[in-house]
């Protein structure tokens, strides 16, 4: 029940198995009570996030385990941000690997249920959480490595692009990309900026206009991911890669990372409110709501 | 009698056949009366532009048929802009394929006869028309695909770069590139910006400094074109590719395209007058006029 | 006794032979009296720079011959800038090839001895000279080609990136890159800008965060150099390449080069003093001085 789905349906017949699973669980998710952020545990290990922190190496692994497909709901985003913030404040934590505990998917992206039939206030809260996630990850002082062990459309792709390095499972059934246009939605400027910083202007223009989802091999070719390994090796390769990055003095690395990313981060930081207003105004339009509704209906029918 | 020609002569011996044709027709063109824009028909099908619009698919094909080499004269640019504007205002037209009816050439670029021996006022009018063409194509709401079925130097390359996708004939005798420096002329900043957006900063720096014309294979390698097909397949491939683009909801695609291109468009839009003045001041210099004149003489001698 | 050295030691076992030579000569350099700029000859052929200028072709070759590894000391930078300025003012000089007379190394980068144990005033002088070198080379009106006939870490890489074209010896023992972070130092924004203009944002982000040194083959792949040839052919290939560039009218090429580079140059030109202050404040920190000191000690121990 995720943004990327229609695109998957149309262009990736190999994902049918994944789809039936998604739509099924998506239906369950639809009946879930709205997330109440105030009740969230501030523990870094919520039900939906498991963080393994190895004090000896200084490396934490964040396992996303929000069934069925690690949708970035308001609730889940809040958990993720709290977990990240705790690690960020812990001086002994120098590196973070982000990965998924869900089969076949890294993260299916922003949760449509937080955009459909919701009040403008709810939509605004949701969007602020998306911004917060991006600001925290893209600006993290830690070394961040995405262990992309499954499909990673839309917001899932964004999350992986915030990291310093991306290792993806070399399974042609998986795909990655910002496919928002296929759903009639527009990736905001900071999604675009992040992608331009990753694959350049021209590849981004094509990718965003067409809402392209790339196979792992295609993603490697355009530089959307940095390395492909066998599915079983994604996490271990991430850990090995982290060792190389840990050899660099933290202070120099952090200043360098900030120099590269600060202009992009400052652009959103200076325009958060306007960006929230844009999103709310767009997403609450009758035409957009109707198209989201039809999309959800289609998923239910497929499930039935 | 086009900018690119000297470059072709020097570096592409395979183009000799094309050359004799060019210089021959160029001579004829030299005797043509100055274009009188006021007398132009506003019909979308002028003598020099043929537009086939298929209402059922929503796709128009613009055939450039200005002998001998689709030079972008003031007259022809005006025709092209009028045709584009009509399509742009027709809500049922969603996609546009631009191609050439002339053999072996897509467009040979800006017409030197509109820059040589002309009044500053004429040069200014001409340059405004070049700006207008670029602004309209680069900012078009339609899906634009260039079916580059022949050589495409200088302004011809610029026109193809304004499109959303470029398919080129895989014939090693053809070439594409911004080769202005070879003629002693400088591509203006918005030509440069368009190329940077297409192939990146470094490739643009080399291409523009050296006035490089790329073979189709080289152009594909640096990303100056997106796809090569056999000469006979350029137009049909463009139509097939259009189908993929038409599958994307227009509104989302248009907003995305605008987000990618608006900063570049705004730069020229805010500086049109200064850019015209720069051009007129440069092109009317004695030294530049002299070099254009020698170039035209050389073409006539070759013809004789 | 250069920035790049620790990195070389760690990651390039093949460079051990080079290392013993470096550390040996480095030790000698340590005993060298501080450079007195006022005593420098203003001749374009100082002891450490040999300039061969061929009036007939309009091409000069600058041989860097500052043993052992062409470290960019205050003294040497001053020589280099004086030599460049003389050529720049000579209208008959249109092209410049920069190469090394030292075996196995193009330039080992900024001289640590000008940053370690020196007064803030000396550090400021030194940094101004580094800025001056970059401003003069990156903004040169001449065609500049780097004949990279050896390793080229840190400031050596920067120098080669200021040129219009880079030809490197295809010897896997050589490496090139901005490896500052490995020493705990941060490449300033204009090093970063130069690299982004050369290899794009993403490759730069990785390269600078990890302080990567690339083999010639890797450097070619990411576009950090433009061409690889056999060690014996670097200089002759540079001369042949120059001929192609000389075919372009100077005025158009210079305006084009300026259009591409002026925004990057203006950024530093507008912030030179702040950039000097940043450098001095950073380099004179106890922690940074201590780490430079330990590094120099290590080199001495290796020598002994």
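Labels for the chains are A, B and C, by order of writing; each one numbers its residues from 1.
Here is the rule we use: a contact is a pair of C-beta atoms (placed from the backbone, for glycine too) under 8 Å apart; a residue touches a chain by one contact, two chains touch by 3 or more.
Computed from a predicted model, the values in this text were never measured in an experiment.
**Student:** In steps of 5 degrees, what rotation angle do you get fitting subunit A onto subunit C on the CA atoms?
**Tutor:** Fitting subunit A to subunit C on C-alpha positions yields an angle of 120 degrees.
**Student:** Subunit B and subunit A are one sequence twice: same or different residues at the contact, by the over-half rule?
**Tutor:** different
**Student:** Please report how many Å separate the Cα centroid of subunit A from that of subunit B, as a whole number.
**Tutor:** Each chain's C-alpha centroid was found; their separation is 40 Å.
**Student:** Residues of subunit B that touch two or more other chains: which are they?
**Tutor:** Residues 200 of subunit B touch two or more partner chains.
**Student:** In their complex, what parts of subunit B are in touch with subunit C?
**Tutor:** Per the stated touch rule, the residues are 10, 180-187, 189, 192, 200-202, 204-206, 208-211, 291.
**Student:** Would you pull the subunit B residues touching subunit A in the complex into a rising list?
**Tutor:** Touching subunit A from subunit B are residues 164-165, 196-200, 223, 226, 244-245, 247-249, 251-253, 255-257, 259-261.
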